[in-house]
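Some notes on the structure that comes next.
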């Protein structure tokens, strides 16, 4: 069964270990500014919410890419950026209604969560299990996707 | 069943692929009007800047990609359509019958009706061939004039600066990128360009171009001194490619008029992408967006309908993103505001940062951003879900940069609502 | 590698901001943060300079492990001459500011001179701006953070700023970052205010790289696991430092009513149970715990005040959640001033964060004022009509706000306990050392703590040594000098890494060393690291001597040395400083009057 990231914001302490782990995995340096997962803090630090790509089935980013630089990894289900193909046009960054594809001005290309080829380092680094990597059925992914459907330009069947 | 897709840009290619993947059988023919493998115009500027090679502009990279999907690619230009006899006539003389036809012929640059636009030294930048011409005709230090500081013009601008030419941009409108930026944003972009050595002339009209006789050209400007150039690149706008539809009975406006099923008024003929005037999500009116995401959505939706999966399209949201010499700008939806709506603006001209959010009641309906590169897409999310922002609207009226917090708070609520 | 190799020197008099290479010789000798910051301070100013004058230098120093995945990698130190002690000021803080200052590419920010008008610093990688702060001068820390983020259109900016307290020169004002994390002690906020520097805002995209990434990640994986498994760490996660209050109550070391007593009758109103038990309105004070940057402990508390509570009843602006009580705030707003109302304590804590003050010094200063009031030295007329009696919650909350805003009797409290008690003719009522107030441990009940207070370079501080073990074994001065000296050196080393002292709940010295060794070029042994700690300690001592302090300053108030503890495990005892101090000097290689000997200086390369 395919796995996905299950995020429980109530468990997040806002330590940013996930951001460091993510940037280390992808950039070889501890650099939250280049992390694919981000923690957002609210209400004087009362709430903190880890946020990253849900690898949604619709994949607006993938479909919007003019040069096929975004490709679905069949093993993990993740939509990955092919760095050698991405030209940096940023269309995917505006097409993704979740805002989880970001432009990296250092490289002139985009970055997004790729589930670390099936071993997500954010989940590995999270000290409180606010981020875990589990069977997709457990993640409420359906619920998120339902919400996503509201965003959708997706053709509605049999309308 | 014989499916024919005319046009091998993103809308056409995605439609052909979708037809194949839906698995309903039938023959799929993709008619490309250019001799190349299907490529992306979006990528041309990066080719000009020499960031990529020509094959880097190709829409698809897999060897035998089209063959594998059972898509036959033919390189022909369509001269006319016989909608009664259900066949296409090619300029080369051949013809091709269809059961279902998709028009995805895109658009072509238009040049202003002034003297000298047909001179050798005046180029468009639209096709791969145009790109080759510009590369061949511009060397570092050359004086190059870019006519038109619209969206396409600005993309080319980046590439021309990368080629280290002396660049002057002439724009008729009172600001740069007038189709995606208000005056404040356009002026910030112009200042940014000037600071990087590009001369920007707004509210300036070119009356004509002539040869000086030494290989250079002279541009006559209305009410201003004329200027010389080694090369003139014309990016003054595009129009949908519809000439071949004459006599077909297909209704057109700015583009081919289509309903929510991507159908034209003629049975079994559909349209998608830059040639189509489809529904705009925000205005509910027909419009040609000429943007990649719309082309992609049109292509997918048209294919489903052609294959018999009757599918309504909710309309496309206009959105643009542009990198002008490193300054990134974005616009969504009703970026210039909604009637009777509110706007929240944060502007820092010194640092070239700008964010404008437009609301109708407590719903986000359009945005403009300069200098924003992170989580930009949530603006689309909020606009397209028409999410009621409630108290978060007040927060955003105070500080529009709380957009991500507002999004997370509201999106999570929405997700709970569904759950 | 691990260090960024660059510092930022800002001269506010000249209006310049210049990046310069990190002095690698110093980095190798002092590691970073506290040690390196002290070295830069020593080399950039005369210790005799006026702490509140333009010649004082204000340093924000990160450590080599800042911004890495080492747990608790967000600590930074603010170092300058302290206006409270007129000696070395060294105050560290968590939150996220420090890591992002480093991500902008700087190991250290050094601020010289004084701006002609209020300014703030905006640091975005190489882009550094000194900008006018007229719109935020005179406003709170909380407003300042919000305003700067909106102004620069960057909600991710991390900001360290001062409130009105720092602007007004409250001698124990703090530098507050990330809303409720503070470099609280030593009055570093007043120094920032004296320079007309309202805030430093930082964001960086440069990242931090380590020398041996593979080894570093292996070490970090092991240290994370070790910390996760430790019981001490679990207690900190669950209760923060707050549970210490029940322990000190039981031991009889909980300073109460300006240290007249060592156990507090109202303990049930201020202990952890008081924060987790619903009150009569069904309101529970404590909401959750949160972490500083990189921290896998998360001892930070987030609380809120009952909307019906007298402090905020008509003030909806304080009805939101914010930083909650930890042990020292609970002590400083509770027992030492005799107050047992947990929401009043929480409100006072909000005031400290919002206006930028050190809760410990404020609480202990208020306690001294209360003692003066009860003695009749201060009258109600002088205290703005407030009954300044031990146990009066309103006196606590009103004075906290007045001190923050520079109003009425708050201006007197702003002097700190030493100057206030001297002004009113009772200097013996100052509970502290070198001008800085005691933390929440009584020196009679914790004898080694007393020696630590007396010798701590920044004044009466509980965090510069760690002798709880020996102190809880035996209530005497015997055998305490050695663990005090050794732990002082160890803590100096830890404070120089960029990590938090609370990791010692699970880590031993070897764990810090292993992480440093993997992150930094060269070989880092335990011996080298501890020697670096001793070097830092001794350099701080030299700063103090340069500023005019002597061995005579290594002392405790009469109350600790002559008045026996009235109850608890130390009942009838006084602190045995006269036994411990000579032994301590000897262990340090200092002369009998407390000066580092030439041999000691030579051994440490000073």
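In order of appearance the chains are A, B and C, and numbering begins at 1 in each one.
Rule of thumb we're sticking to: contacts are C-beta pairs under 8 Å (C-beta built on N, C-alpha and C of every residue); 3 or more make two chains touch, one makes a residue touch a chain.
All figures in this text were calculated on a predicted structure; none of them were measured in a lab.
When each chain is reduced to the mean of its CA atoms, the one lying nearest the mean of all protein CA atoms is A.
Ranked by separation of Cα centres from chain C, the top chain is B.
Taking each chain's centre as the average of its CA atoms, chain A and chain B sit 27 Å apart.
Taking each chain's centre as the mean of its C-alpha atoms, chain A lies 38 Å from chain C.
Averaging Cα coordinates per chain places chain B and chain C 57 Å apart. Residues of chain B in contact with at least two other chains: 404-405.
Shared interface positions of chain A, defined as residues touching 2 or more other chains, are absent.
By the touch criterion given at the top, residues 13-17, 20-21, 23-24, 27-34, 43-46, 48, 106, 125, 127-128 of chain A touch chain C in their complex. Those residues of chain B lying in contact with chain A across their complex are 10, 14, 40-43, 46, 51-52, 56-61, 281, 292-293, 296-297, 300-301, 304-305, 309-317, 319-321, 323, 326, 328, 330, 332, 373-381, 384-385, 404-405, 407-409, 411-412, 414-415, 418-419. Residues 346, 348, 351, 353, 355, 371-372, 398-399, 401-402, 404-405 of chain B are the ones touching chain C in the complex. Chain contact summary for the complex, chain A toward chain B: residues 9, 38, 40, 42, 49, 51, 60, 63-64, 66-68, 85, 87-91, 93-103, 105, 108, 140, 143-144, 146-147, 150-153, 155-159.
The part of chain C that touches chain B in the complex is made up of residues 146, 149-155.
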